[in-house]
Amino acid sequence: MTKQFSGIIPPVITCFDEEGRIDEEAQREVVRFQAKHVNGFYPCGTYGSGPLMTIEERKRVAEIVVEEKGSCDVIVHVGAINTGQSVELAEHAQSIGADAVGAIPPYYYKYTSEQLLDHYRAIIRAVDLPVFLYNNPGLSGNPISAEMLATLADEGLAGVKDSAFDLVSFYMYLIKVRKPDFIFIIGTEAIAAAALDAGANGVISGLANVFPEFMASFYRTWQEGNPRKTGEHQLKVVKARSILKYGPTLTMTYAVLKMRGMNPGHPRAPYQDIPASLYERAEGELRNMGLL
Amino acid sequence: MTKQFSGIIPPVITCFDEEGRIDEEAQREVVRFQAKHVNGFYPCGTYGSGPLMTIEERKRVAEIVVEEKGSCDVIVHVGAINTGQSVELAEHAQSIGADAVGAIPPYYYKYTSEQLLDHYRAIIRAVDLPVFLYNNPGLSGNPISAEMLATLADEGLAGVKDSAFDLVSFYMYLIKVRKPDFIFIIGTEAIAAAALDAGANGVISGLANVFPEFMASFYRTWQEGNPRKTGEHQLKVVKARSILKYGPTLTMTYAVLKMRGMNPGHPRAPYQDIPASLYERAEGELRNMGLL
Amino acid sequence: MTKQFSGIIPPVITCFDEEGRIDEEAQREVVRFQAKHVNGFYPCGTYGSGPLMTIEERKRVAEIVVEEKGSCDVIVHVGAINTGQSVELAEHAQSIGADAVGAIPPYYYKYTSEQLLDHYRAIIRAVDLPVFLYNNPGLSGNPISAEMLATLADEGLAGVKDSAFDLVSFYMYLIKVRKPDFIFIIGTEAIAAAALDAGANGVISGLANVFPEFMASFYRTWQEGNPRKTGEHQLKVVKARSILKYGPTLTMTYAVLKMRGMNPGHPRAPYQDIPASLYERAEGELRNMGLL
Amino acid sequence: MTKQFSGIIPPVITCFDEEGRIDEEAQREVVRFQAKHVNGFYPCGTYGSGPLMTIEERKRVAEIVVEEKGSCDVIVHVGAINTGQSVELAEHAQSIGADAVGAIPPYYYKYTSEQLLDHYRAIIRAVDLPVFLYNNPGLSGNPISAEMLATLADEGLAGVKDSAFDLVSFYMYLIKVRKPDFIFIIGTEAIAAAALDAGANGVISGLANVFPEFMASFYRTWQEGNPRKTGEHQLKVVKARSILKYGPTLTMTYAVLKMRGMNPGHPRAPYQDIPASLYERAEGELRNMGLL
């Protein structure tokens, strides 16, 4: 596979120590572990605790991931609560050699379409890198319609990472965008097979943070082109991720990496390590699935 | 294809005359038109205006569809606002030779899991026919969890028609139900390819009311097993149905049948015929797609 | 108090026997019990199990309530899933001497504004009685905007019963309706004091089914015009109703009437009598509040 | 009125210049204008663009408001996306002589009850000032139940600012909190009269940013204790705020201050000044109401 921004792309977590500082050693270990199996990285996003970090911390993590990326693409998440911060992060990502940037709509407040369009125009103007829009209405509170996406594609947006968990709205993106080389990335492994069949380039998969080999093997199954085999594999993927949802998925991710013998540190407050009882229950079920 | 309850199954509309009475002539014509292309019928459901009809009217329409079904299966929708009516309709469906019955959870009021389970137990007890549960939380207000479905499957439920438009929750049904011969039907053409790949038996497709050939051809494409070709066809299906959503889809259905030269009568009040301007706009776009 | 449609108005429950048939004896007893304390009745509504009954059953219950009403007003709920049934019920209510009719928007399906307006126009045209619109978006799925209400008021609608549980949207009704003698009824005791202060005429109160004296006393407190005393009483009302919400409120209502020594029969399936443990817990807490 | 944290408290906006920098001159002018009429300030909250500012900017605005507060109380909003930032802001607020701090739950991510409780425990531990919890589930995505509020009250929380726009859940706060001197502030003028009647101490009112005299006069009306007169005044307040909702309310606020002859600067991107047509329409309607 040589296409850019394709295959399996983990939204790599950020490793914090017990005091909540970035643990660079652990971070490099996690990136190197994933890099053996995956095709790209999406640091500083939702899984990457980007919104919980300062601008300076986000820059540092982006640098580490670029340094350790191996042959992978890196799409640095630069989405922030306001336009100025997103532009600053995008300029930094370009300066350190990232392959692209991605940005969730500004969150907390609700914005009009015109305000959202101008936000993305400012990011597109600021860098020469491909810019991805990261649609996640559940977290941003600002959904991006297919019409808005088509407008931004015409104005230079390179692609979309769609984490709405709504296959029909993803299909509408594919139908409405007119730009021929626009890049569609499905922002969850949960509906990945269907998205790939319809034209998605790749999968930004939270589960690939902990089971990169399993997700790489899912992607190879899809490439073989046997739909029923892909369907079966997809169900296994959904079953595995349903176990990761016993607690807040982000906190479960650190726990499962620990089950796998790594030392990913801890999530940042307000998140906390999961309770021991939950750890054991998830470990048992992942073992039953043959994933541990 | 010989498997029961597979392929394309239109939730056939009910034809009313200008006074709101069932138009038997028109009804037979619509059923015969669809029967040439499809594999089954689901009369008296949401598209079939079941909830807008009296018990006696619903029985009459079920009889007509059974009479005109040709070699198709008929799953009569017997879902109603209370348990007694659903049981009465199920017993009638059995008495006229229907192949199965389906039932949406009781609507309007919100019920506990135990109340919903008992509702379905009463229907299952009442007939020897296969009973399908029709999940449609947007209309019923009473979502059916994967755990509840698994319980009912163990107690004799034959299958599910899932119209939640949520691929992940459909996958969870497939993962959680333990009964080996349970029949999964995806209750919309919008995410049909993904559902079929994962193990769905068939598709209850509102769009098949107006374009049964087109949906039959989609299904044949899927049977050929080329996922990218299926994906392309799926996008065309979604594009077509997005045109049917310009107005309330049910009212658009009568209009598009008229565009196709049929005389399906009218929707029942509170529904109304669509305005002429909408008719023309939809006709133009369906023509552009080559569907008219 | 002599004003029509003012004061406390219970949406009186319907009493069913163990086989699910209307229990006329119990019904008369419940109506007579409430009539001693309240100012009106709203039979066959949501609490009245109207949607769970046949047209014939609804007519019978309306007759019983009119016969037993004493000096109370009776607003018969004629809301139904389609226009024809609502019109039939409204004509019947007029024929038996009801004081007014009320109607929830048609439920299950989603309708356009124009379709909803036409639905109400048909009911208004059908009878000479005052017609109330019963807004309950959580159950009907079809919210009525302040603009729609103002339009219908101009076309003859007599009033509204608002059960949206949203004080701001109730205020917007008061602000937008231009008709001088339009009657605003708040459709819950939970925000009754605020609604009355702003101009509501009366309160359709589910809690008055079981504690009509308590609700009558709340209303007298409000009439005395001491806002802090009213506020305190309002909090007691909300606390009492929060206990009624331990189970589905409708099923709790039968149980609490039983705690009070009455024999209200049973809710109709899919509803069921509440479990004994819940009965005891609610009884204990209502006793603690001094209501039993 | 001498009680602390009572009366009308504007969540004062932050004034930005055309380059998006804080405009200190304009900021002081706005605070002095409001201070003549109101009883307190809530800077750096939702109206205050707190989430759009850096930590340093938030500290600077808090300092300006404390300097210009006159005889008003100042509750500095220290809510932030993570625990560390909230603690840092709370310590700063204490160091500059603020009277209290308030904090929205951490936003963007969804948290468990335990994680949210620990977040507030950290803030309460960090300062000797009264700490308010600012409930706003629409923006934070993390609703605070009455049970959680009662727990935090027992552990030292001083009060709540409730902006859920749900009178019943506000009542449940009043019912469930056991701490005798807990301070309830209703976080919107839209349902203020009802909240005050039930025991709220004061009103954090966005509308007081632009019409502080009008809101002060509403509060005096409430103090007079005539519920029908208060009800009428409440409806005027709701009507005025409905005009402020023609655009995003925050951007409308700058425009209306300009209509009143002030120079409040501009909202920060992604927000933008409202279009001229909207400005004129709102100006006309506010003039019709006699507010300009």
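We just call them A, B, C and D in the order they show up, numbering each chain from 1.
We adopt the following convention: a residue touches a chain if its C-beta (ideal position, glycine included) is under 8 Å from a C-beta of that chain, and two chains touch if they have at least 3 such contacts.
Note that this is a predicted model, so its numbers are computed, not measured.
Peer 1: Sharing more than half its contact pairs with C-D, counted by residue number, which one of B-C, A-D or A-B qualifies?
Peer 2: A-B
Peer 1: Is the contact between chain A and chain D built from the same residue numbers on each copy (over half shared) or from different ones (under half shared)?
Peer 2: Over half shared, hence same.
Peer 1: Between chain A and chain D, what's the gap in Å when you average each chain's C-alpha atoms?
Peer 2: Comparing mean C-alpha positions, chain D is 35 Å from chain A.
Peer 1: When the centre of a chain is set as the mean of its C-alpha atoms, what distance in Å lies between chain A and chain C?
Peer 2: Roughly 50 Å separates the two chain centres.
Peer 1: I need the residues of chain A touching at least two other chains; which ones are they?
Peer 2: none
Peer 1: Taking touching chains as linked, do they make an open path (line), a single closed cycle (ring), a hub with spokes (star), an all-linked set (complete), or other?
Peer 2: It is a ring, because the chains touch in a row that closes back on itself.
Peer 1: Going by the touch definition at the top, which pairs of chains touch each other?
Peer 2: Applying the touch rule to all chain pairs gives A-B, A-D, B-C, C-D.
Peer 1: With touch defined as at the start, can you tell me which chain D residues reach chain A in the complex?
Peer 2: 20, 46, 51-52, 81-84, 106-112, 114-116, 118-119, 122, 139, 141, 247-248, 250, 268-272
Peer 1: Quick one: which bits of chain D touch chain C in the complex? Just the residue numbers, please.
Peer 2: 165-168, 171-172, 174-175, 190-191, 193-194, 197-199, 222, 225-228, 230-232, 234-235, 238-239, 242
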